[in-house]
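Lettered A, B, C and D in written order, each chain numbered from 1.
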């Protein structure tokens, strides 16, 4: 289904959704930084900037409580979180690189153990993608086979038009249902031209070749030259739309506390630190190798997908300028 | 006859970190002398104020303290030569940090109470308790403790409802 | 019209660094040189460790050379080889960290070969590295830099740094916050700390966060909650500021690398300001046997103690 | 899993009057981990302790909390009882519900609630308590005494008489120190040398004392019970073993006009010399700076005349290492030098009193040498300038002392008394002379001291003028002293033949350097600091090091001797056992996490923290970490609060224990 929505009606749509109690999550300025956050009013949406963090946290929050406990005398009371109480959500203004990561996450959260925290939010969320019209030299979605108009992962996809408004195209029942729920705000598509798409500068990687090299080079001096300078923070993983490692900790006192799940990162020294004191990834290059391996080999081995959508966030935000696009490009040029 | 006990609607939690040689002994003296003071204070004994890590003060506020007292030997009286001098510097700086992040320093009291100053102990504890009582509960850290990070935002109606259910 | 900062000397500085690195690697004075090299993105730079004289040509100095490379010499970075003397390219601000590390038994001067940079300033952020250096894009720390010309180095190119007089943003912001009520300041920091995602980039780039195991990574006892929630975040940033008090010399790497734009260096600079006022201590100028919080005088201020 | 037993004491009615002890026992009994709780009338009584011991056995308790009085009162009692029942004593804690609760609150409900919380905190704490084994440190029963003045001599003799070996190190060629220089001593006017030299001889002859004169302490390593001391024996140029002390060398030495320091430079000596006739050892030393042989390579007379062939021009400084268990520091004092500003010192000189410029302005110690029967004038008071007997003599007190503006604010303590003595000695020797004393106050506390001072005025006719001297200058062969008599309110001008300045007592030069070698602390004047001004006046904060005499602060002879004997007693206490036993509340380093910043070492007031190298099996250095010497650590915990990664932990007060208590709130 293809429709047109004017800028004015788009604002009205968001306000209407908010009013009816739907959680509307969109890029929004938060203490100086644009993040995907629930809106209190449509006017808060910032459409022209790539949010600093990805859209994954609409389903896979930075930190969430999964259980609480309380001891009284010899009794221990455990209280679970009921995912059924998660709110209906519209995630809107999602960049193609963020939206394309959602099916990637679907795979890992449902292949063996069904993660109800993720899946319930996923069921209750309608994803509205937004075509990208600007790119910088960190953007490389096209290099990993995604385009600035990629609709993968979106239930509804918006393309900004010359002269304002959006062309809307639905790709699922959820997308269609969203249009139908406020059909008065949508019109039939006009002949207006879409704004020109962003043009990332990176050439398409030969991901097969990259994987072929990775298959053979778990041990390779290249890892040292790539990542000796890595300082071991979690910035790359935390801003990544596809990274999905998490840690579970109990916080509180012996008497009372909560079990929480929060993002983890393979760059951390603690990530593979065993209780024995041994750490199989004892040096930073080994940890960074895992990041590349996971994205371009292990995930492919398991799910036939690449765990990178080319958003470029890790490149922009790496404290020491590690450039995953440059690394993959370099690997793709190596003899297999 | 004892004077009529005033009843208060708010009973603050006051935590005192004290050294064993001076202030703890001073508090013992207050007891031996049967002096009276509000029952709000809970005393944690350390060998020396030099042992008191600023993190403990932070932890106390996080655990719901409305006021924190740190007390040790007068300068020059330290049983361990200089522990209180090190503590004095440490806390001179730490209180400035807490102030800068927005903690009202009226909730954080430092004092020197010697083993002979039972009366001063009573005065310091009473003053702090009454001052904090007048200020009302320390809500800042308690509110933080209740907040969950959930998609970056914490004050949506749904979440508020979720909290009230939890 | 924003004032542009003259960085015309940077290309000559680059050449001088290259020549010096080639010399000291070639004659065996050092086994490696830590410096900056150009990266893929236009105008970008990244840290590099070279051990061959031929690689000296890769070294550069540009406004995108923001990193404080001192972090690579700390024990936290075990990946950098530690045999023999190591050359390092340092700006004046980075040098202060090295001075502090020497005072804390982490480094020995004789194991270092310091290639100083007469630095006029670097970019505030390298999210977009290909940006002209102006009063607007200049890093805040450079606006109040007192070490454009590094001292006590083994080699410094002859070019002189320019240092235009600019408004001191940190000072102004600290004064602004100090003038607020505690409740207002709490609200400000609460909003800022709420953004924290506990990626620990601030810790990992800090030359003084060289602990083998951070207090905040320990769980017996759990001094600071590890999850990125407002409570744990606030505790983490308070502990971080306290642990750096008297040590941080204001390289502001913590703030630069924060993916969530939290003005972290404000806390460190506030602490530095207090240490200056309370104990007349300034970090980073000389190798001190003891820092301000590992020493005392009998006459220290105690006006706050009853 | 812990099985905690909680015992609530009624303390007669002291606790139970305001705290509902049964309710406390009931409520804490519900706390996780508590498997037994009860209350009892008197926990500290024998039946109470038996109740505790039986419960440990019957209930298989692993941890004990006794809620009763202050731990300062009965912690030891209950820990002993727990130990008797087979538990480690540190698995018992006390909750103070008497001094901190029942005695300070009247409202029973409030007091009871508070008591429950106090006990609850201790229950959480004790879950984190660990077994702490006692600490023992071996003790080497030999002692080092640094300084051979009366303090060092007394300490050495006392320790040696007790049967322990003593190594006595003296910087000068002879022991004796300043006391050997004195003429007579207040308040009895005993001849100093008469009472001093027998003790010096005792030292020389004592089988347990090894004497190293003309020697200095070079390096001190180790800790209480286990010090290694490197001593530098400076080249004497005379073999001590061969020399018989006949003195021929000295009579033949052609260099005869060298000022003798022992005589305050008014007497003369030869280049090969003993400082004074009664020197111990009676072995000369060659003053190489003034010896013709060493200056020109010619002469060698002493070597030629020495029968036993003891003179050895080739002798070099030697280092010897001694293992000792305790160190007594008795380095004594020096006099404030008033004619020059000491280098690097903030203390200003007293140029206005002409010392060093006017030859007949002398200091008190020079007067002692003039008055000494064995001194350069044979005990006659004669002016250094012309050898005439002074008929008018002015003594000025508090030169340096109590002069804040000059940099010394303390009282030198002995000058009032020795000036009174000087006026007496003067009057005894110059019957027609008149002594005047300018003074601020006369400080004469001490047995028979005030009587002595009064005697100087009432019987020996000294004129005391209360006031300070404003100006002093040479006029012909007289010295005009102008001052004010504030008691009468008039200006005074005296034409004196000689002026004696009571200069301040200061620590020996180099006291700071020695302190750094020993790892002991000192004040801004470089007097050594005692561990506690009142209760530990002879011990240093650094365990195993003790102080005697004026190195700690100005003292007279009786005080010095008392302190020396006290220091000796402390050493003997330490030596009374083969192993030193310590409460195991000491810090420990978690070496795996230590990053070697040594912040802990910087804040440790006891020097308990050392640097330790960790090496792999091949011997390669992995890292250098901190190590806490349990024999030295006093257990304050300042190191732990300072350590950024908390890799040093104070046993008994670990972060886990403290956080558990905070979290119990």
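Following the convention adopted for this analysis, a residue touches a chain if its C-beta (ideal position, glycine included) is under 8 Å from a C-beta of that chain, and two chains touch if they have at least 3 such contacts.
In this text the structure is predicted, and so the values were computed from the model without any measurement.
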Farthest chain relative to chain D (centres taken as mean CA coordinates): A
Euclidean distance of C-alpha centroids - chain B vs chain D, Å: 39
Cα-centroid distance, chain B relative to chain C, in whole angstrom: 35
Geometric centre distance via CA averages, chain D-chain A, whole Å: 69
Centre-of-Cα separation between chain B and chain A, whole angstrom: 44
Multi-chain contact residues (two or more partners), chain C: 194-195, 215, 222-223, 227-229, 293-295
Per-residue multi-chain contacts in chain B, two or more chains: 54, 59, 76, 82, 86, 90, 148-149, 152
Multi-chain contact sites of chain A, meaning residues that touch two or more partners: 30, 35, 53, 62-63
Overall pattern in which the protein chains touch one another (line/ring/star/complete/other): complete
In the complex, chain D residues that touch chain A: 30-32, 124, 127, 592, 660, 663-664
Of all residues in chain C, those that touch chain B in their complex: 177-178, 182-190, 194-195, 215, 223-224, 227-231, 234-235, 237-239, 241-242, 245-246, 267, 270-271, 274-275, 278-279, 292-298, 300-302, 304-306
Chain B-facing residues of chain A, complex: 21, 23, 25, 30, 35-38, 53, 57-58, 61-65, 68, 79, 81, 85, 87
Footprint of chain D on chain B - complex, ascending: 2, 5, 13, 15, 20, 24-25, 27-28, 30-32, 34-37, 39, 42-48, 50-54, 56, 59-60, 63-65, 76, 79-83, 86-87, 90, 122
Contact footprint of chain B on chain D as seen in their complex: 70-73, 96, 98-101, 103-107, 110-111, 113-114, 117-118, 121, 521, 531-533, 541, 585, 603, 605-606, 634-638, 640-642, 646, 650, 652-653, 655, 658-659, 661-663, 665
